[in-house]
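In what follows, subunit A forms one complex with subunit B and a second complex with subunit C.
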Partner chain A sequence: MNNPWQRRRSVLNHDWLKNGYMKGVDAFVSRLGRQSPVQLRIQEFLISDFPVWRRRQPKLQALLADAVDALSPRSLFDLPPLSLCGPETLAWLPNLAHSLWLARYPIKEQVENSQRALKRADAAYNHIVKGLNGSTASTDPTRLRECEPLFREFSKALHALSAAISALPKKVMVV
Partner chain B sequence: MLTIAIFDHDTGAELGDLVKNFPPELDGFSIFRQTRRKDEKSVPDHLKDHDIVIGHFLSDANWENLVRKSKGGQKLRIRTSTCGRSGEKHTVTALGVVVLNLCPKHDDLTPADWEGIIVALVKNGVAKGIAEGTVPPALAKYFADRQHDVLPSLAVLCQGYLIAHISPKDTPDGGGVWYGGSSAVKDAVQKMGWPDPSGEDRQLLIEQGKMAASNRAEPRELVRNPAGEYWKPLAGLVDLEGQISREWDSEAVSEDVKWLLTRIAENESIDAPERVAQVYLDLREKLS
Partner chain C sequence: MSLPRIIVIDDQYGGFRRGGRNRLRENFCLLAGLQDVTGDVSAEQQGNPVAEAVFCRGQIEDGSKIGNDPEGTLEAIRSGWRQSSRWAMLFLDLHFKTGPVGDDGEPMGVARDRDARQYFGLTLLERIWRDPELRDVPIVVLSSMDRDEVEHRFASDERSVAEFIDKTDLDRERLSRALWDHGLIMDDRIIGRSVALLKCLQEARRRAKLGNDNILLLGETGTGKELLARYVHESSCRAGHPYVTVYTQGVPEGLVEDSLFGHEKGAFTGAVATRQGAAENADGGTLFIDEFGDVPAAIQPKLLRLLDKNIRETRRLGAQKTVRLDLQVVLATNRLALLSSGDFRQDLLFRAKADEPVLLPPLQERLEDIPLLAEHFLRKYETQFKTSLETERRDIGPDVMDLLRSHPWPGNVRQLERVIESAVYRWPKLRRLATAHLNMPPDHQGAHRSAMSSRSEERVDVSTSLAPRDLLRLIDQANFDPADPASWAGLAPELQKIFARFYAKLLKAALTATRKSTAANPEGEIKIHPAMKLVMRNDKLTASKAADLVKRVMSLDTTVLEQLMSDPILSEAYGIAVRLRPKGGRK
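This part shows the complex of A and B:
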């Protein structure tokens, strides 16, 4: 957990997405399915919680963009003892270790899979906003009921995204 | 009779893995389980009174609050997580409460694991010893923070060493690698990813291998020559062998690893690819 990228992943995926945002979305979806949902809670979620996705999505995107570099054995050359290698070694060994690692593990596929899952979640979010006529503050019961399948789709996409990010390696795999 | 409380915030519709994987009963203990709590807004206050609390908490503040309120007797608090808590420090509070962090993911533990952990921890001084840095071998996989600083570096240097010994005229596109008659070398280079016939970056890898194995007397000479720079990052470490032994945990370091460390420390020529290959294979088993 000392690796800064692992810490970022833990805060974004485990703490925020899995144990915070997703639970909020799931609770909202189940509330929508009730006969007479509490309007105040519905409103609270739509105004305060739901739009947080907009702020966090770029952070998730950046996390995934940094994943390959952060998880590669090449990153070991930034720290002692390998940072003490001389220029003759640094000319070839970091890139060789990186390429061997890519050959051993389907890391690129895993990251691309996570990025696709993020795109799907973002698209699902945008469908909801469009469905609510561009405003996440809309609490019109009829419109909300119409959007229920979209919220379910969003929830499903978030679960897939969280699982994909969790599946990325927990440490730099050197062998 | 000691009491154990298990609290898992992450239960949803089903029992959380922490609760599910804990033994239904343990001789000499009374077990309390807090289940089906979807959040931590209402962490039960009585948790603080139990002798042992094993908790999967989302909120640091709630956990710290529980630890702060715990007092009297030999209280033990073990915090767990679905992604493991490796890297978090064990402590003993001013009131003598021992706080441990479970390194592996709690989903990976079986009831037998938990039984072994609890029985070992309640022995006099064991839990406090862990918090102060002495982890018994039997509990190392649960509470020893496996910071591998040198082993991964050694593995990377071994990879470079072995690839540098691939003959430039005998690259995979020409029909193979230099095995030196050693099955260990063949095994090691294949396991390290060379040459993955289906790998997207295969050609790049081959080019890098050619560069590493170039006839310009380097880097093959570089990786063999102790006076050169290649092994210097490790040769310069204080107590290299001791550091490796600590990272290797309780088991004995293999003879091949000892041989390589001695060569590095004493600036001797490292001219036995088959032994370096065996070191790599040993490291692979240890680190994977």
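This part shows the complex of A and C:
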């Protein structure tokens, strides 16, 4: 996995979102549903873990914004042997390869789908923050229970987002 | 029942985090229903966990760098596998991050870590598969990385992982299902935790999952085929529906056919009413044909359509029409060489799936189960005889276990059970069971040699006759159809004769077993009092009552009394009894 975009995706989607953040949200919802949830763990999540979304969301946005360029066969012309083509060829062939790829593969739709999923996840996050009166440090049990459906919605949106990002191509495709 | 124990090899969950906790692991455990028993960090208590989990990072920290540790990881797997609470399943991550430790305390990762061809998880997988000691460990790949590369890499390998599970998909339900489908899990219904037994149970569950298959259980006598058949039924979607057993061993051909398929009214003399066979009675559930290897040749063609799972048809004797059934069929035999014996229809064996039987291991291959089994039987008979013999609760001396483990047990678990049962009723008041209390089968070494030499061949030994208790159970399970008096009319006089002879044989065995040699009588003097105490399992039985019982046994049926009196032992016993109680006790 030498493609820098693929590495970025792996760190963001696999390491952070799938293995860490999503599990954290799901575990929080599960703890919230208990008869007497352990306050320490509820607080830990709300104060330390949950707000991380704010910092990571722009990175996910940037990842998706770069996806088409990074996954295009045009990027193959940046590396040998195709980078050794003459300037005249390089003036038209990379763009042609890119256009053909866009025509053949639904990459734009896939990226747009991921971006929509990201927006939905972000909206779900904002609903929770609003539900908590703007403060993620709120640990009032009654208010938290009221927000439980919002956390479930957020979890669902995160799962959809992660699946959409995972569905993007695993390597640069040749047309 | 103890919880199954799994090992999770994962860099993120296995690592020791700052503050003595690993929150990623805590969340994972909560969602998957795992009780963390690793002991390296403080663990959250789970309510009603599915399994216990030991987490292993698979890595080692060397100064400011973290690297993978295949040797240490393999040793951790081996050491847990050797324990009696061995891994029910191993969950293996693929991608392990290595390199210098960053500000967050985590390794920063190097390009090689993410190369699907070089995932450390795959290296470990290969090492585990190459290790003969670990060949039976069920492995599930637990990773959110792409699985294509893994599947391609091992496509031509005869080994396979049990399942791929995405980390985000593993919840309580998924974990329970994976354990049930592929795990080596103990079950209270069949005592034991040896790999041989647990693999057998795993295979039985796998086959039962289909719900409409023919499943052949193959095992030596006394290995628990009937118990396993019931386990198959209860593990399948047929649980809660009929479970019907047909015995074939020593049963006349006509009766086997009638009990399996039933008959129409008028099908034969005495068939005054239509009667359903066992196959029809099992519709919707499970039909268990015990001692399938003894099905008479004439019946074999008639079983073909019943064992064809696409047809499942049966026809009552004398009927024109067939009946379609929906059931699973479990067959059992101790004829280990059934497939090559040549005396069975090949097409029937094919339908019975004789080429892929569920193999029940002999007790010799389950030596580590002997302490559990001995303990189980001890408690069972202490409880059973509590009222009649006022048994004491006892422990088992270590020398007893050594002796039990060294015996070849040609009669397998059933034979072990008899030895323990006998020890309890012969010595009800003990608090410690010692070797002297065990009535071990004789010719220990000879039996051992015989068992070892015949294990690979078909056995001809005690298994060819029914054990007395099995016989009693068979009789006890007999049913009489009020609508079919021809099938049972006139049985009583015959039953009385058989019962009289049966009881007399029992008495003779007890008289012989309790004979005491003296100088005057090296063969042994007959004593009716200890003999009757043994037969009745009642140490409080008085001598006069014993004499009454002997007289009663001998007089159960006057038509066979003469025959019994021709036996010198029985005749002598009767003489003693009459001398002791010339008048009383006759009924």
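Just so it is clear, the second predicted complex is superposed on the first by the 174 of 175 C-alpha atoms of A that agree within 3 Å, B and C clash if a C-alpha of one lies under 4 Å from a C-alpha of the other, contacts with A are read in each partner's own complex, and residues count from 1 in each chain.
Criterion: a residue touches a chain if its C-beta (ideal position, glycine included) is under 8 Å from a C-beta of that chain, and two chains touch if they have at least 3 such contacts.
Because the structure is predicted, anything quoted here is derived from the model rather than measured.
In the three-chain model built by superposing on subunit A, subunit B clashes with subunit C.
Contact with neither subunit B nor subunit C is seen for A:58 once the two complexes are overlaid on the shared chain.
Judged by the touch definition given at the top, the superposed model places A:80 against subunit B, while subunit C stays out of reach. In the superposition on chain A, contact of A:31 is made with subunit C only, not with subunit B. In the superposition on chain A, contact of A:170 is made with both subunit B and subunit C.
Between subunit B and subunit C, B touches the greater number of residues of subunit A.
Contact with neither subunit B nor subunit C is seen for A:134 once the two complexes are overlaid on the shared chain. In the superposed model, A:23 lies in contact with both subunit B and subunit C. In this superposition on chain A, the options for subunit C are 150-158, 330-338, 402-410 or 492-500, and subunit B clashes with just 150-158.
The interface of subunit A with subunit B overlaps its interface with subunit C at residues 1-2, 10, 14-15, 19, 23, 166, 170. Subunit C makes touch with subunit A in their complex at residues 12, 23-24, 26-28, 30-31, 44, 47, 95, 97, 109, 111, 114-116, 144-146, 167-168.
Contact residues on subunit A toward subunit B in their complex (touch as defined above): 1-2, 10, 14-15, 19, 23, 73, 76, 80-86, 88-89, 92-93, 95-97, 99-104, 108, 166, 170, 172-175.
Residue ranges of subunit B in contact with subunit A, taken from their complex: 9-10, 38-39, 58, 81-88, 147, 149-150, 152-153, 155-157, 159-160, 163, 191-196, 199-202, 204-205, 208-209, 211-212, 218-219, 222, 228-230, 232-234, 236-237, 280, 283-284, 287-288. Against subunit C, in their complex, subunit A makes its touches with residues 1-2, 7, 10-11, 14-15, 18-20, 22-24, 26-27, 30-31, 34, 38, 41, 44, 49, 159, 162, 166, 170.
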